[in-house]
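Each of the two complexes below includes chain A, the first together with chain B, the second together with chain C.
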Partner chain A sequence: MQDFLFYLVSGLCIGSIFALVAVGYTLVYGIIKLVNFAHGEFYMVGAYASFGTYSLLPSSTSPWLAIPLMVLAGGTAGAAIAGLTERVAYKPIRRSGRLAALLTAIGVSFLLQNLFAFFSQARPLQYPTEPHGSVGEICQRTVLLGTDGLVLIRFAYIGAAVLFCALLWYLVLRTRFGRAMRAVSQDADAATLMGIDVDRVIRHTFLIGGGLAGVAGTLIALQGVTEPMMGFLPGLKAFVAAVLGGIGNIAGAVVGGLLLGVIESLAVWAGVPTGYKDVAAFVILILVLVIRPQGLLGRVTRVKV
Partner chain B sequence: MLRFQIAGSLPKAILAVSLMSSLPGMAQEQSPAPGARAIKVGISLPLSGALAAYGKSTLEGIRLRIEQANTAGGIQGAPVTLIVEDNQGDATAGINAYNKLAGSDKVAAVIGPITSTAALAVRRAAAKQKVPVVSPTATNDKVTQGHDYLFRTCFNDSFQGRIIASFAVREHKQAATLIDMNSDYSKGLARSFREAFTAAGGSLVAEEKYQQKDTDFGVQLKRIKDSGAGIVFIPGYPPELPLIIKQAKAIGLTARLCGADGWDNETVINGSGDHVANSLLVGAFSAEDQRPAVQSFLAAYQKQHRTTPGTFEALGYDSASLVLAALRHGTTPADVQQGLAAIRDLEAVTGKITMRNGDAIKSAIILKIVKTDGKYATKYVDTVNP
Partner chain C sequence: MKKESIRKEFDFFFAEGLCKSFGGVQAVTDFSLELASREIVGLIGPNGAGKTTVFNLITGLDQPDAGELYFRRAYITREPAHRIARLGIARTFQNIRLLGHLSTLDNIRVAYHSHIRYNLFHAALRLPRYHRVEQDITDKSMQFLKLFHLERDVHTLAGALPYGKRRRLELARALATGASLLLLDEPGAGLNPAETVELTHLIRRLRDEFAVTILLIEHDMKMVMSLCERLVVLNFGRIIATGTPAELRTNEAVLAAYLGQPRTPPC
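Let's look at the complex of A and B:
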């Protein structure tokens, strides 16, 4: 039982990160039908920004002030790079078709990875775990679950996922801007005719998605490493999570992310060799898509010929 | 992790190694100016991408050795120039880099790629082009097996895995391995460790795997902890390795950690928290080694860079030494291939090297990570002869 709990909690923690990243994927897809493959790089940029903030803060800063500031910086940088990418790379080709946009997204992804590799000399950055009471040390502290230690900061992943998903739910369903987003997602041309500033909605959607990715990257890097390629795998997993939940559906992205994390983890508990834990998750994905091609919470869209 | 490639299909007369920085006025083309034709040596290293840090370290070592050789008069008066290609640590880009260096640049030999996966990929091109490849760090056994044009400066996985297993089995009879399943290096090392450990009377109680770029190793480490292993062999490298070591501490895994040459760098030794203490690893060289080859390399490197060189710098330096030694036999790729195969008892930084079937036969060093003056460092434990 204790083992089961450990695997379940581990899965929920990493699943929360997938959920935060997947929400950004799904928001952007919902608005402009773009699979933004550069989304993982917003996560990476967030991690770098928080590391930069950490380096700039005087070493006497209390970690309880420093960590929120770093998360804020990571989120802001994720939003900024997403906004910049939208303005520079996606907006000029918005009418050029989805293939052009997809290829541009892959190009942006490579560009950001290599820019950061160039400037960081590709050396992975880590928060020093000494002295006692420093940011790095606090983020390695553990809590015992039976006899197994779990890093405390991972519970913040779940907290962040709950907090930001609740805020997003409020934003999308209870505000004027949310209504505009839903309108653009249903029919951008009709929304324009209704007086909605579609460009602004798209821009703000990127800002929100990028911000969530930046927060996720910061949280992971706090107990991990910051390096240029760090966004690739979470980006891929989040994309899978978004598809699993039904791409374009926000609640679906959250459910998909959590499910993906939990399935991977519980597969190991159930005896699947660790080398095959991703395979287990992908088998479930394929099964879901065979039975419900629109994803768990996705809606069927009929295309009339 | 490191590999050496040689390819040769070039006109025999053209063997030019050029070192751009140290040879003002020396044309990089093979203009047959009588007397001082530059000899070209190709370099294929990851200078961008995830492995760029290793590629750059290796290149520093190679550059230092070639500069020294040119200052000392080059090869019979001809300077050596380097033609550097970035293979991004990628197997396909590595083949393209090799084909360009061997086919259009007409180099005498190619140093690199450094990863086992990329070096394995370049074997077929090397057999066709016949320009020898010297990999500084590709340890996978198959890199040189049955391929006359592939050489390596590092020892192979069988040797490394065997050595660490023979030490580990004395401490505990039950071991686990944690393998990077995207890396031929990691898989090859784990295999040789498993064979040697079980042959020595130990048993392997868990074999867990992770993917490159994973950030969460909790479930793998939990399995290892539950298996009761007293030894955990982790043939990985950064950026995953420091995370694995920190998370091993977090979950409460107290088994002795062991590693291979991928551990011997600052990111691991001083970036993994205090759980690295007392870990055993196989190293290519030790700065405590008093042999003149080691001490003069350390002095020259520190004079140029003001930092202490690591495994990659040392193996890059030695790879250049091997190529230079072979170039004294003649400067065509065929000459260099024969020259490399004929190397006997070459005093190098990483040991006294004799080439046998493309493998550098030399001794390995067991290192232990200990804390001195508030910092972790490797401490020499023993030398194991091949």
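Let's look at the complex of A and C:
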């Protein structure tokens, strides 16, 4: 039973990361109906940016200052690469149909993976765990949950997800920009005739989605590795999470992300070999598409962005 | 701005030589139109004459292949649609295009978008300015809803409103953008005779109280004849006649376009 608790909490933690990434997926989909397969790469770029920031900081910097700075850098870099991608790759083909956009997204994904593989010589980066009290060491500290040790930093995932989702909820439902976003997602032409600058709304949507992905990538890399392919699987799973919750629906993406994390984790608890836990995500994708294609919250909630 | 000196009398709005083709189809050819402030002008013609295309060209949803547009002394040809909207041209659609998942009130508040002056920084910190502006927007939006008798449906989703109310909401939304030129694409479509009469009064009232200029496409000849001060008749993308309703009643070209051959007036 204590085992169960461990897997449940662990699943919630990783689910929070899926949620952060899935929200960006769903925002972009809601606005321009693009399944942005390069979204996982924004996550990867965020992780690299935070590693770069870590290397630039003097080694005497307190980790309690360094970590927030790294998260900030990761988020900024994620937003920047998302904004750049939108400007260079997606905007010119916006009126060329959804298939062209989808293929471009896959192309951007490969391009970013390979660029980073080239420049980093494909060597995975890890934060050094020496000396005691350094960023790497703090992020490896664990707390005993039942019989297993859960890495402490994972609790920060939940915190980050709660914080950013609350901010986003506020932004979408309570501000002028949020209203503009909702308007554009429903009818871009009508919105433009209301004086809404649709291009600007799309750009900012990418910035927000990319920023959240960058933060998620940074948090994961703190206790794992930073490498060019790291965004691929989380990107796919976030897509599954977004579909599970009802793509285009923000609350759905959060619920879908958390649920996916928990299901994956409990699958391992139930005896699925760890190596096969990814299968769980994709089985869910297939089941959702067959049984409830609109997703869990596809029709229920009013807030569609 | 270059033609300003020559065409001073039409400093409110004028279009000159607009052309637009889609593939091989010439939808609009050499369309010119001048509007004076506070006029109500009807744009009529048989189906497929290019009326809606003209609206798309004026509002910037489509770019003309040739021709120029001026609005309140500004050159607006090829300006992005949202900027034209902010300059003060708003429209309604033949098939109503409200934001169905937003409430009635939010539809109006979105229209207020271009007037709002606070940024995300203010909103995030919940500075007093944000509250003041939001309150102001809500108050003003409520006034518009009252004017159009929609005040009881404030929190209803726009998509759930009955047809007649959706028509009115779309009109209210166009007005709430602060526009001084309203383009109404078949505002009377689908309304019963009583509602059409009501709409005619409402449109005239909007012109009188808000000093807006109105250009409307309409098939209901009774409404057109009683409401419009001037008519422009399109057929196959070209203007075939202009004049007052009385003058056009007996215009042979107009009758031919509508009926195929000269006959007694349509109404």
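Structure notes:
Note that the second predicted complex is superposed on the first by the 278 of 305 C-alpha atoms of A that agree within 3 Å, B and C clash if a C-alpha of one lies under 4 Å from a C-alpha of the other, contacts with A are read in each partner's own complex, and residues count from 1 in each chain.
In this section, a residue touches a chain if its C-beta (ideal position, glycine included) is under 8 Å from a C-beta of that chain, and two chains touch if they have at least 3 such contacts.
Quick caveat: nothing in here was measured; it's all calculated off a predicted structure.
Overlaying the two complexes via chain A leaves chain B and chain C side by side, clear of any clash.
Of the two partner chains placed around the shared chain by superposition, chain B is the only one that A:275 touches, whereas chain C remains out of contact. When both complexes are overlaid on chain A, the residue A:251 reaches neither chain B nor chain C. By the document's definition of touching, of the two partners only chain B reaches A:142; chain C does not. Put simply, the three-chain overlay gives an angle of 140° at chain A, taking C-alpha centres for chain B and chain C and rounding to the nearest 10.
Within the superposed three-chain model, A:191 lies in touch with chain C and out of touch with chain B [touch as defined at top].
Legend: residue contacts after superposition of the two complexes on their common chain; A:180 is shown touching chain C, with no touch to chain B. In the superposition on chain A, no contact is made by A:89 with either chain B or chain C. Considering which of chain B and chain C touches more of chain A, the answer is B.
Of the two partner chains, chain B is the only one touched by A:228; chain C is not. In this overlay, which is a superposition and not a single complex, chain B and chain C have their closest Cα atoms 34 Å apart. Those residues of chain A that touch chain B in the shared complex are 3, 6-7, 10, 13-14, 114, 117-118, 121-124, 126, 129, 140, 142, 144, 147-151, 220, 223-225, 227-230, 232-234, 264-265, 268-269, 273-275, 277-278.
Residue ranges on chain A touching chain C, taken from their complex, read 167, 171, 174-177, 179-180, 182-183, 186-187, 189-199, 302, 304.
If you check the complex, the residues on chain B that touch chain A are 48-53, 56, 179, 181, 208-211, 213-216, 218-220, 222-223, 225-226, 238-239, 242-243, 246-247, 249-252, 267, 271, 273-274. For chain C in complex with chain A, the residues that touch the partner chain are 59-61, 80-83, 85-86, 90-91, 93, 97-102, 106, 109-111, 113-114, 116, 118, 120, 123-124, 157, 173, 177.
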